[in-house]
Amino acid sequence: MNASIGLAVIGAGYWGPNLVRNAMATEAIDVRWLCDLDVDRAREVLGRYSTISATDSYDAVLDDPAVQAVAIATPAASHFPLAMAALDAGKHVLVEKPLTGSLDDGRKLVQAAEDRGLVLMCDHTYCYTSAVQELRRLVHTGELGQVQFIDSVRINLGLVQPDVNVLWDLAPHDLSILDYLLPPGVGAVAVAAHGADPIGHGMPCVGYLTLRLSNGAMAHVHVNWLSPIKIRTMVVGGSQRTVVWDDMNPSQRLAVYDRGVDRLAPRDLDPDDRKQMRISYRSGDMVAPALTEREALRAMMTEFASSILEHRPPATGGVAGLRVMEILEAAEESLRTGGSFVTMEDTR
Amino acid sequence: MNASIGLAVIGAGYWGPNLVRNAMATEAIDVRWLCDLDVDRAREVLGRYSTISATDSYDAVLDDPAVQAVAIATPAASHFPLAMAALDAGKHVLVEKPLTGSLDDGRKLVQAAEDRGLVLMCDHTYCYTSAVQELRRLVHTGELGQVQFIDSVRINLGLVQPDVNVLWDLAPHDLSILDYLLPPGVGAVAVAAHGADPIGHGMPCVGYLTLRLSNGAMAHVHVNWLSPIKIRTMVVGGSQRTVVWDDMNPSQRLAVYDRGVDRLAPRDLDPDDRKQMRISYRSGDMVAPALTEREALRAMMTEFASSILEHRPPATGGVAGLRVMEILEAAEESLRTGGSFVTMEDTR
Amino acid sequence: MNASIGLAVIGAGYWGPNLVRNAMATEAIDVRWLCDLDVDRAREVLGRYSTISATDSYDAVLDDPAVQAVAIATPAASHFPLAMAALDAGKHVLVEKPLTGSLDDGRKLVQAAEDRGLVLMCDHTYCYTSAVQELRRLVHTGELGQVQFIDSVRINLGLVQPDVNVLWDLAPHDLSILDYLLPPGVGAVAVAAHGADPIGHGMPCVGYLTLRLSNGAMAHVHVNWLSPIKIRTMVVGGSQRTVVWDDMNPSQRLAVYDRGVDRLAPRDLDPDDRKQMRISYRSGDMVAPALTEREALRAMMTEFASSILEHRPPATGGVAGLRVMEILEAAEESLRTGGSFVTMEDTR
Amino acid sequence: MNASIGLAVIGAGYWGPNLVRNAMATEAIDVRWLCDLDVDRAREVLGRYSTISATDSYDAVLDDPAVQAVAIATPAASHFPLAMAALDAGKHVLVEKPLTGSLDDGRKLVQAAEDRGLVLMCDHTYCYTSAVQELRRLVHTGELGQVQFIDSVRINLGLVQPDVNVLWDLAPHDLSILDYLLPPGVGAVAVAAHGADPIGHGMPCVGYLTLRLSNGAMAHVHVNWLSPIKIRTMVVGGSQRTVVWDDMNPSQRLAVYDRGVDRLAPRDLDPDDRKQMRISYRSGDMVAPALTEREALRAMMTEFASSILEHRPPATGGVAGLRVMEILEAAEESLRTGGSFVTMEDTR
């Protein structure tokens, strides 16, 4: 208990209550404040039985010496000033996606945290699910073989956002997962984006991202606010195995298929004669690994606490958030220029 | 029986036997020949108990006055000469997809059939499934409302083709379905294509098509030879209803959702202020319509016979095949030029 | 707030924390105590941020004049003394299933509550799900037609209980649902039970109940602790519609099929000639009604509060609990006597 | 071809055409006749393109020296006389389920075939599916461990039969599968049956069978003509693994779960104290074995031909059919006597 980290949660809107609840369940954290400009909303979130204090004064929070860290769940535009103020006050910072409203601000934030030796972490929640942990293990250990294609679908009847298109709203989830599971040294080198706005919203409500990866593979993301059914699937195709992650199927989230396509060496053939290339198909069993069901947000909160206590970068630090934003900004450029590929500077 | 149409099936490979079997079950058709350069293969397909004749002579088939129609299931490159010879001999022609190897040849074929008053039909089999018939009815009657987005996925561990990429191999299915179900006057105006070849095949094995439709909506097609699981889904999103077609779920192929997004008139608001646009969500029941299970190929064959007997164009005539090829050729152009949109001349 | 009901939750084991959480979220309830013989466990459940008091003294709870109601989530054997003491102290009582350890005790409890004008409610949680509410509506309005068969399956790798067989552990869920949804006047008249103990546990781990209903239909329940997969389905077959409830399929819990079998009047036939009876099959659409997702336990808690405030019997009162216990005791008798039907005195 | 077996199919009703089609595809079989009292029906089944002869004369069939075997797909009541006449004429016999209309007749048939050294085979089609073959392998090799419970469900909107109840119509499938996959020496020792007739059909339309197996386990079968949805599942629970067979899920028919319940030796405890028995739960991966898709009926027909050519008993011979009938007759007795267990003489 003497190692406990005093925490303030900033923002009592959609996500803040989840942060409060999971921080309360984290042994190493001592939740002290829930701060919102609308203090009544903060009080309502805390309810009638809580000893945690509600406030509308961010200054009071930052002035509290018992607060060592803040978790920011406010609208994106406010992430930069709030996070920068917290860093300036010597607090560790956890921030919701997207990291900031602009790439420049994001870079400043990362630099500021590094200069001060403070933790700056992005709440890339999905990375802390058992499914993504196992997916990453399969990729990083080589069991999957070389990554050949990735196809991610994230669609449902979503809350059409007034000031952000569907790519900025939903694709950060897919991109943060990609960032987390791709093997070291592999990342997006170019992105093409297509969007449609069939309901006259003024911004795309249906979006497609196509990413060229540095290893020659392609990753594809489909995000959509207009679908009446909820689909959350990601297929990661590898040279040895292919994994299908269906997040809507709790009894079998991951299915690992030992099937694939081998290109056989065209031994006696003219090597340039593509038509004679021999393809062999493997077909084997499917394994659905036993996954521990757990709340991803709790694991994320534990990682935040651990990275503070152990003075190390978190698994999904500010730099990971920057990489996601770089792809989103390139996607915006592609949308503006008719959907062709936009090359990114690789920042890794 | 006196109205029966003498038929010859050309090609005893992958698809030919299916044509033979379904033609045999069609009352108005009298199957007379199965023709293949490899006559032993033709004999093997017919088996030990058949009264149908096998031959390797296409001339003999065309010379037979009892043959009024031919069904061509040979490699794509041979479609044009075989079909043209049949038309020249005064025979009606059914041809597998794609119509021909090139758009020019396709146009010549359509013209030739028209000049001679003969039926030229494309075997767009999927259009004759109960599911697509019902989908089309929902679109054409207006029950679906305005089409807002279409997303089609057709992936599985396919036979990697030696001389054709995955778009030409699989996307004709999706494109012929789109062509069939879109409302009159709505069609593709531009297409962007992305492909990946992660196994070093020399041609894309994973492909994405994005189509801009003339009504402002977007259609998307994902085809993939490398997936260990078979997915055949199409989501057709409308302003009134959205339909999910899952062809791998025989007990519930179509699900019609009465949910959607409405854009409310921003009555008292500045009409230019997009941020204040009010979106309302409807949520209602899902209906899975009872579909008659039937073999689509039989219905297709019956349509071929009926169009001949009734001297009328078939539901999926040569012109429909041309429209599919136009999109594929534009897609090829997009692939070559980095994935940006290629505008098509609308041929409707 | 002046109408709020002071509540104490008794038992901090498996279910108690859920009661605490949902009671805290119920506007009309003011949670005052969590009582457990192991006060440290109670404190741990409440956590570091709660204003609710932990205690190991049931007397202190009953002596607190601010407590108007208790919710009992302790082992079954203690239900009777704890509930009776609460009633004697003038408190309303909510009790977990089964109501008591014996039918006699249950009857005493029901009588005592009635004599004192207090609410005695059973936490038949499933009855408060949207799915069961809709199922009941379909039955009670007659939309389903006459109930013809009911088949319930509740299996998974459960916690093998040391002192109770699988029928007493799991079947109360199915039986309380049946009790709730059957139309007025219809109930079980006889029950046959079969059990197996393939792991040498000393009591059945796999159990089957067959209930003859007073309307001639049959209800069947399969409960099983040994299945690695979790199945929670109930099929309610009616003369007009049949409903399939799959609780493991959140996106489509209820499917209402407009199909069935009609027996046609054998008009011109010898009415005794069963072989000539004409059966007609109807086949129609399936509708998956839109259900509001909500936590059943919260709705149950709200019903507890409302029944207290409105001085009326709750939807699942003590008498419903008695009916469930009567079936379980008859099932025990059937198990002991080789599996034949045991007739129950109908207590309605 | 010189080893080919001349075959006549008897009965051109529901199943006969399937036998004809699969016999035609079996290399070692030469189909010569399709015989039906209604010769026009036989002709219609054969169609316009067949060289096989239709007849209504069973005598002509039996007199044909080129016929070495008959496959009988007529109503159950006629199985005995037709099969006996064929055996008397020296023909091998394949017969649909049930073997005969009565157990006595069945025994005579088995004896007659044995006396004459002829093959008598039951068309237990399901036993020849890849799924049942793999299930049997898992049981017989011991990979499953000891069989602990079996639960089979076979329900759908069936053709309500005029002269047979649902148990005799559908349960032979489940019972023949059980017979095939249980380990040597394990079989049913008693059976209890419950049935309901909610539509006034005069015979049960919903039926339940509970079988006590000789190893202490229990098998359960649910058959139902009145369900609008089709369910075909069998769960085989073993001490090491549990297998779920879902025949409606072609992409994953078998799921093998490496989970279960272990009973630990209560080492230091009083061995009589059941309450202290320690149960441990294992939880592991699920494997869906890759199965070869094939038509079971073709494999069955091949087994018929092979058993004739190799002068050996077929995998599902007449004796297997007798065992199925014994259970059905005991079930009838249980139905008549109120649903208690009826002990069978074990005939193995």
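Residue numbering begins at 1 within each chain, and the chains themselves are lettered A, B, C and D in the order written.
Simple rule for what comes next: contacts are C-beta pairs under 8 Å (C-beta built on N, C-alpha and C of every residue); 3 or more make two chains touch, one makes a residue touch a chain.
In UniProt terms the chains read A, B, C, D = Oxidoreductase.
Because the structure is predicted, anything quoted here is derived from the model rather than measured.
Most remote from subunit C, judged by the distance between CA-atom centroids, is B.
Of the two chain pairs examined here, C-D and B-C, it is C-D that is joined by more C-beta pairs in contact.
Note on chain placement: the centre of subunit C and the centre of subunit D lie 38 Å apart, centres being C-alpha means.
As a whole-number value, the distance joining the C-alpha centres of subunit B and subunit C reads 52 Å. Residue positions of subunit A touching 2 or more other chains, listed in rising order: 229, 255, 259, 283, 286. Looking at the complex, you find that subunit C touches subunit D at residues 146-149, 151, 157, 160, 162-163, 192, 194-196, 198-203, 205-206, 208, 210, 216-218, 220, 222, 224-229, 235, 237, 239, 242, 244, 255, 257, 259-261, 263, 274-277, 279, 281, 283, 286, 337-341.
On the subunit C side of its complex with subunit A, the touching residues are 24-25, 30-31, 47-52, 229-230, 248, 251. Per the touch definition, subunit C reaches subunit B in the complex via residues 252, 255, 259, 283-290.
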